[in-house]
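Presented sequentially are two complexes of chain A, the first with chain B as partner and the second with chain C.
Right after this comes the complex of A and B.
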């Protein structure tokens, strides 16, 4: 019972999605299922938020090492949710809606939630991604060695594409002089980059995508046929 | 105090003093933000009770007029622009947090950990609010109680909208996930999970089969001899396009051969799969370069924020 019903639910809904794709009469069913999916996912996300709170509250109550950071996380989470759900600082967009103070968009410019997004969330996330520039470069310096044909191909392509992405004309032509008429350069690295991207990169990614698609189809079928029940977890 | 701590303390003091001097001496101001107030006003129609926008030149004072003010971003030079303390604080907070994240380049430290903790909480809260408004209010509340939705949050909800109680099912199913917190009823928490997994499996199966399998194969079936029409109406051999198509077909087939493990990679199959490895290596090299460039662009943007938006040392 505890595992049979979930398998039936997963199979029923999954096959319904597949049939609905081929039958226009079942399109409404597909749309409804997608709505239901979004609703359940949202409630699951709330559950996730609750679990996050429990986890950090436990760390604080046990006075574990770094409990102060847990308190900061909880505070940041609480303030974000309260400010966002109460739409603090949001005003109605049009005169017609002036008697509906909560009618403005939750991410309206000037609102408190927008402030959190603009000055906390966005800069920190983009800086964290920017940090990867240093780590990718340092890892590449330590790991990349032109030991065989494959490694040389990888290195040379990376170098060409890096140079080709540079908009500076002197760099993309390796400082060679321009034609006598001043138009095109002798070494069109930008063109070569474009050729590599359009042909070989596309082909390599295409082969990977075909492989991934076959993998997804196989895994999905295993789930829908009840052969793969790992998502149900262990016995509880 | 050891030597390292002394050096860092000195660096912080020098940095702080330079910043304080810059704040005092800068004409442009450090991180100063300006906004322009936009007034939204309407008059309550006595007969219908509906608020109608004011006509051109109509006074915003008087009985029955309701007003609201929105603040849009403006340049310092814009007329009627006013100084915004909240946004200026925002720029300072963003700049300090950015520096805290960059401090990780030295080594893991409490400043970085503090930002990490903040961002964990903020990002979890951000997605809950995002889905709360776009799904729970815009989908659930509108379907279950359109009148309440129209009255409180979404005035554009149609007046003739009827409640659709069918939407109670996903709400109940979703709430079952909280049963995971009760050990004896934890098995009930698998039902919503099964719905999510089943829907994803069904949708992804079709999506990947269509977009990543059939469409990719279709895009690879290309003419190896391409002819283009010339000015006199005749046909010319387009060698550039033909070579491009040939490279694509050969590259895809050789890469797929490399991924085909049911046959031992010996002889012809081995040679073709070796070409496939080369194609994949070139592809990885290009992807690596593009990733590095993307990250460097992000880094440039962050430095631009620090030196232009915050300190005002450079003008972009």
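Right after this comes the complex of A and C.
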């Protein structure tokens, strides 16, 4: 019973969304389902936050390996939630709301939450992304080597695309003689890059996308028909 | 002979921190020296630019800022350029984000362009009349679906808590189907793909996207039928800024007004370094092979 009811709800809503997509008469039903989705997502977010806390509290109480990271996670989570919910450092934005200190937006410039976003979150995630450049450069030097035919193909393609991505593609004009009509001849690196992108990469990507879409259709049908219940957390 | 062997041996055990240092210099030097680079437009970028030029003044444009600081280095310049172009053409702009962490970047885009550059003068951009900040709509792809059927179902108030019904810019606007163009500089989920699947294609709303360089392969299959334009990475943003500079030289020909063009310099030098490292790595590889074959 505990699994039958959720499966029936999932099937009903799933099929409703499919039919509503093709039938404008069912638009109101789709909108109702979307409203419910918003409500359930919010509840799920609270539940997710609580699960996160319990998971890490257990790791700390059991003194598991890496419990220090759990402590940092909990501290960061707790501080962010409290600062955001209490709107610490936020001031009223209009004269009408002067007596209501919480009336300003939680992300108000100068507020504590804004400060956390601006000076902790933003630099940390930007740094993580920027580090990629260093590791890619190191990998290009150590691993990107012409060891076999496939590697050579990859290497040549990468060099063309890398060169084609910047204005340097025009440098290739310098080493070639002028055409008979006097115009500058050039190695069409830009055209080659476009060819690789438009023809080779896009066709490959389309094939992958169509394959994935067919897989999604098959998996979705299994879920809607109740054949796949793994999303309920069991082994079925 | 012995010195060449020594060089090869040294290169074989080269500490990767030297490579890190070289990359740091390749990126930092052009930034510090302010070395930028122009770009000639590619067809997907030019198509979006032309579309914004062709739309009549006062057209409704939804600007979905769907990214966070992770990819802001690539996407913020294009968000600024798109917004700037919309303002220059006097379009009505509806700002929104489906990313909770994208709200401050949305605010920054409005402050930097709409309020600072177009908030004064003879015809200043006025909040509620020429643009609105719808803020964050929660629900990922479902939020996009809600916006396509009824914006007020997804957000009944703007970011400042004002009812949408009291804003003149929202008059006659029920859903995304009342927009003339959707533009989304986006970094992941939900992003351009979801806007295509839930808004652009099913309701035939013209949609254009900006994306990071690595995402371009996933989005190019949608161009040109489902995306009227696609601006990719810092190069695409640079192309867009270069077109803006050539069409509106005052004041956008100035390098200081073009963050993407300024980032074209570091990108150029970083790519040069990468190519050099690949060539050097392979030279070492073949030298080692030659050495092994001559020893055996």
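In this text, the second predicted complex is superposed on the first by the 172 of 236 C-alpha atoms of A that agree within 3 Å, B and C clash if a C-alpha of one lies under 4 Å from a C-alpha of the other, contacts with A are read in each partner's own complex, and residues count from 1 in each chain.
We take it that contacts are C-beta pairs under 8 Å (C-beta built on N, C-alpha and C of every residue); 3 or more make two chains touch, one makes a residue touch a chain.
Please read these numbers as outputs of a predicted model, since none were measured by experiment.
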Partner chain(s) touched by A:18 [first = chain B, second = chain C, both, neither]: first
First, second, both or neither for A:225, with chain B first and chain C second: neither
First, second, both or neither for A:76, with chain B first and chain C second: first
Which superposed partner A:6 touches (first chain B, second chain C, both, neither): first
Partner chain in contact with A:88 - chain B first, chain C second, else both or neither: neither
Partner chain in contact with A:98 - chain B first, chain C second, else both or neither: first
Partner chain in contact with A:142 - chain B first, chain C second, else both or neither: second
Which partner reaches more residues of chain A (counting touched residues only), chain B or chain C: B
First (chain B), second (chain C), both or neither touched by A:211: first
First, second, both or neither for A:197, with chain B first and chain C second: both
Common interface residues of chain A - those touching chain B in one complex and chain C in the other: 21, 34-35, 37-38, 41-42, 93, 109, 117-118, 121, 123, 125-126, 128-130, 133-134, 136-137, 140, 155, 158-159, 162, 165, 197-198, 201-202, 205-206, 209
Chain A - residues contacting chain C, complex: 21, 27, 30-31, 34-35, 37-38, 41-42, 93, 105, 107, 109, 114, 117-118, 121-123, 125-126, 128-130, 133-134, 136-138, 140-142, 144-147, 155, 158-159, 162-163, 165-168, 194, 197-198, 201-202, 205-206, 209
Chain A-facing residues of chain C, complex: 14, 16, 19-20, 22-24, 27, 37-39, 42, 68-73, 101, 103-104, 107, 138-139, 142-143, 145-146, 149-150, 153, 159-160, 202, 213, 216-218, 220-221, 233, 235, 264, 267-268, 270-275, 277-278, 280-282, 285-286
